[in-house]
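Chain nomenclature is as follows: A, B, C and D, assigned in order of appearance, with residue numbering initiated at 1 for each chain independently.
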Amino acid sequence: MESPEQIRDRLLARFPGAEISVVTNPGIAAQHSLLLGAAHARAIAEFLRDDPTLKLDQCSNVTGIDWPEKEIVETKNISTPDPANPAAPPKVVEQKTKRLQPGFLEVVYHLYSITHRHGPVIFRLRTGNRTDQATVPSLTPVWRSCEFQEREVFDLFGVTFVGHPDLRRILMWDEFKDHPMRRDYVEPDDYEWEPTPHGAVLEKAKAHYPTPPAPAAVAPVKGAVA
Amino acid sequence: MSVSDLSALNAQRATPGARVREVHDSFHGDLLEVSMGPHHPSTHGVFRMIVTLDGETIVKLKPVFGYLHRNHEKLGETVTYLGSMPYTDRLDYLSSMTNNWAYALAVEKLAGQAVPERAEYVRVILAELTRLLNHTCLAGFLMQDCGCSGTPLMYAFREREYILDLFESLSGSRMMCNYQRFGGCRVDPSADWLAGAQKLTDRYGTFLDEFETLLTGNEIIMARTQGVGKLSPELAISAGVTGPMLRATGVNYDLRKVDAYGVYPRFDFRVPLGDHGDVYDRYMIRVLEMRESIKILQQALAGLPAGPIMDPKAKLRSFRPKAGEAYGRIEGPKGEIGFYLLSDGSPNPYRYRIRPPSFINLTVLEDMCLGHTVADAVIILGSVDIVLGEVDR
Amino acid sequence: MFKRDSEDCPLSQEVTPPPPAVTEAERDELRRQGILLTSLQELYTWGNSHSVWPLNFGLACCAIEMIAASMAKFDIARFGSEVFRPSPRQADLLIVSGTVTKKMAPQVIRLWNQMPEPKYCIAMGACAISGGPFKQGYNVLKGIDRFIPVDIYIPGCPPRPEALLHGLVQLQKKIQGFKLTGPDAPRHLRDDQPCNCPVPEFGEHDLEPPANPEVWTAPPAIVRKD
Amino acid sequence: MLGTGLLQGLGVTAKNFVGSFHDPARLTTIEYPEVKTKLPEAYRNFPFLVTENATDPMGTLRCVACQICEKECPPQCIYIEKSKDKKPDATGKPQLFPAVFAIDTSVCMSCQICVEVCPFEAIKMDQVYEIATTDRFSALLLNREQLAKSNAYYHEIHPTEAAEVDARLAAERKAAEEKAAAAAAAKAAAAAAKASPVAKPPLTA
């Protein structure tokens, strides 16, 4: 099967001006992927499906990934030579620059070819941001298998798929407002009783019971020899 | 919904399913909308279908999911890689061993972990036992849905208990085995256990003969299932249908052959293919697959090599794969079960995604049911072989 | 006929039960002679406890073990409970076998409300008791006893079919201990306790309300000292 | 001929029906609770804490409250509070012990990960399953007194595994003793060597 670079070159020749780049996977699995711009995604998907050498007729898996915005601190060493004494070693000043990397949502598609029995070819689509531009083109018209999976990504991540025939919530109820798979999702506070609290649950327990109950009230460890 | 909506409904239907007869008289008046589920007497858990009926004929069917949405993917991000292993048992709770394997395979891909040969053989043995277990139960459940109340399911569960006894004496639990580890298996099967597995393998063909005498040639079952719920190969491929469902339409695609994972290339077995893609074919494919599984089991038990069951370099605690991503998949009894893992170098995965075969197989449920009666919808659903733990995750 | 009319019912004012007219030893002697002595109460609870018909209702993994318990190897018919009724109108026992999600909870409670008295509830498995291993999930109800009264809890994940049978035997013992009249009479023989539970509604973030305080109050939590 | 399949199928059920009266392969029912299934050795259901001595369970817990199982438990159902003081363990080394050790069995999924990660062989899997109760809160939260079971009990339920564990522990203990003895000897030798040059003059002098 062709490598992602070869596919990219072929796609660029076929769709001049399309945004296509290869995202390398640093891990041991080395499953590299293609990052597609939203404008040509649909046409490229159809090309990948119909191209006789690739014939990626099965879209196996659609995954949503949330990348919240994060603050990146870059440390740079700037050496300034001393003007008075050029022979002296230059003064090194550590300069920190803070940069806010904007967040986005990503949808990853894993494609296989049943005809040629090869794969996976992986490509990614990214939204503009996580709020008002959380849209990518829907690929349900290209592969039927995206229908429920894209609905799931819409439900849990809040990515709107433009051109999806039936974009509704699929796993949560219709009245639900949040997107629970996002990293910044806060669960409803329905804590009431947890005998073995840890971590986040412990924080909740402390909030709900600001003063620890008297030892006698701690029913579960009654009879314990402290 | 009124009859006048019907032509619009037929026109907007993207895929060529069965068209619905349009009769515009006062007798064939309005369409009836029925909500089937989430509590219903069939044996497929909390699945709901909103069915629009014209008389008894289905003109529209919308599945409703989420009644068993247990947040596996969110929990997978909060627990360690090892901690997710017992949760995979609870995905498709009829075949926990193959779920374990799929997850172990994905993590091994992510971390570059090697697996000793003996463990690969044991995994094949357990996966094929799981396939026997799953397909036997499915046949029982399908017949229960057809109306053969009790008997086939009882026979199926009698055999299930024998396989569960094997699982229990090896892994310690009947259903939730939690047996595979990254780089091997948790315990080494003893000689006694292997003898038990051999005995079961030798005997299982006899049971299948009996089961098939009971069901396969039965005229009522044939009349009830043949020509019902037909699926075309083109639609099946486009909709990502995998496993016995896909092969029943005649598409030769079995990951055991295609991906050749584990030690499957060493075994001689065939991939049964269907002709019509109807409910009967799906039932027959499963019976034939069980026969092939018995062949694989015989070869694997005969060729089981000695050696370690765990890779000595494998780590149990403080397991942190390098940053990167991996997608690993195997041929589960229900189809392609895959795990997509994204690591950022921490002890927990950044993203833990399950590719559930039966959820994606349900994409074509409406297409298969259109034009059939409401009683057929139940057996078409039964033939898809869904387990809600995996559909909703 | 067993309904207690009002609080001034004379039987309810009894403080100590009168000594039995026939002692156990005498009864055994009579039974050996072929004479069976019984009271209306014993007959009623005996009949009641040996014909507990469960609702044919499975939720998740534990449902498979529940089916296994009704099959040949474990044979729940030996306890008079093999008649799994598809309709809640004909069922006595709700076996909550598996995880109750927030999306499913209103349906479970509605089924409970549709069952006629006398009715019992078994929470089978960790998930039904407390949310179990999935209790941290955003869509998982932390125990069905938040909304409906539970008679027997069977821990395990999943419990063996024998454990379910053991739970059923415990329930039978509980039923056999029922008094027909008086303040200790079970719920279905009294007017003052409700048998219907309010059904929660789907809210924007959670069920509304998230628990039914009439059915369940939590004991104080353990809060770690550090 | 139409109906042959049906008749053959009825033959199978008839054979099973008759067989269920005499054929041992068809007599599958276990008459629980009178007859109980023989549980396989590997069967696991809920953890327990191993104590060395049945007469003094709290004094001889193997657990040293390292809290590894608490951290690794996937559903987070273990709760441990460390003791303030130390107690000697089986080898006589002073060790911390759990002042509170609770397992919420209404959450536990018997996955055995606590057993696998425990470096002290202190927590093992039990085989009880008849624990249905009417009380969710105090009955299903097991404290350390309820969890502590003797090593003899462990031998009873998992004989092979327990023998392996005992052998391993004995080997470790022996190695530790030898090491300690060697260290003590070395220390004594060093002390002697160190002592001799600056040896105080005898009192008589």
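Keep this in mind: a contact is a pair of C-beta atoms (placed from the backbone, for glycine too) under 8 Å apart; a residue touches a chain by one contact, two chains touch by 3 or more.
Predicted, not measured: the structure shown is a model, and the values here were computed from it.
K.L.:
Chains shared as neighbours by subunit A and subunit C?
P.N.:
B, D
K.L.:
If I average the CA coordinates per chain, which chain comes out farthest from subunit A?
P.N.:
C
K.L.:
Could you tell me which chain's Cα centre is nearest to the average position of every protein Cα atom shown?
P.N.:
Answer by centroid distance: B.
K.L.:
Please compute the C-alpha centroid of subunit B, do the same for subunit C, then give the distance between them in whole Å.
P.N.:
Measuring from centre to centre gives 34 Å for this pair.
K.L.:
How many angstrom lie between the CA centroids of subunit A and subunit B, rounded to a whole number?
P.N.:
Subunit A and subunit B have C-alpha centres separated by 28 Å.
K.L.:
How many angstrom between the C-alpha centroids of subunit D and subunit B?
P.N.:
It comes to 35 Å between the two C-alpha centres.
K.L.:
Going by the touch rule set out above, which residues of subunit D reach two or more other chains?
P.N.:
Residues 28, 74, 76, 79, 102, 104, 107, 109-110, 137 of subunit D touch two or more partner chains.
K.L.:
Among the residues of subunit A, which are close enough to touch at least two other chains?
P.N.:
In subunit A, residues 171-173, 180, 193, 195-197, 201, 219-221 touch at least two other chains, as defined above.
K.L.:
Return the residues of subunit C touching two or more other chains; collapse runs of consecutive numbers into ranges.
P.N.:
72-73, 103, 133-134, 136, 138-139, 157, 160, 219, 222, 224-225
K.L.:
Line, ring, star, complete or other: which describes how these chains touch one another?
P.N.:
The chain contacts form a complete graph, every chain touching every other.
K.L.:
Taking the complex as given, what residues does subunit B use to touch subunit D?
P.N.:
Going by the criterion above, the answer is residues 79-80, 82-87, 151, 155, 158, 161, 165, 168-173, 176, 178, 186-187, 210, 213-220, 222, 316-317.
K.L.:
In the complex of these two chains, what residues of subunit A are touching subunit B?
P.N.:
Residues 25-31, 57-61, 63, 65, 108, 110, 114, 117, 120, 122, 141, 143-145, 147-149, 156, 165, 169-173, 180-181.
K.L.:
Which bits of subunit D are touching subunit C when the two form their complex?
P.N.:
28-33, 36-37, 45-46, 74-76, 79, 81, 102, 104-110, 129-137, 139-140
K.L.:
Which positions of subunit D touch subunit A when the two form their complex?
P.N.:
On the subunit D side, the touching residues are 58, 70, 76-79, 99-100, 102-104, 107, 137-138, 141, 143-145.
K.L.:
Which positions of subunit C touch subunit A when the two form their complex?
P.N.:
Residues 102-103, 136, 138-139, 142, 146, 202-206, 210-211, 218-225.
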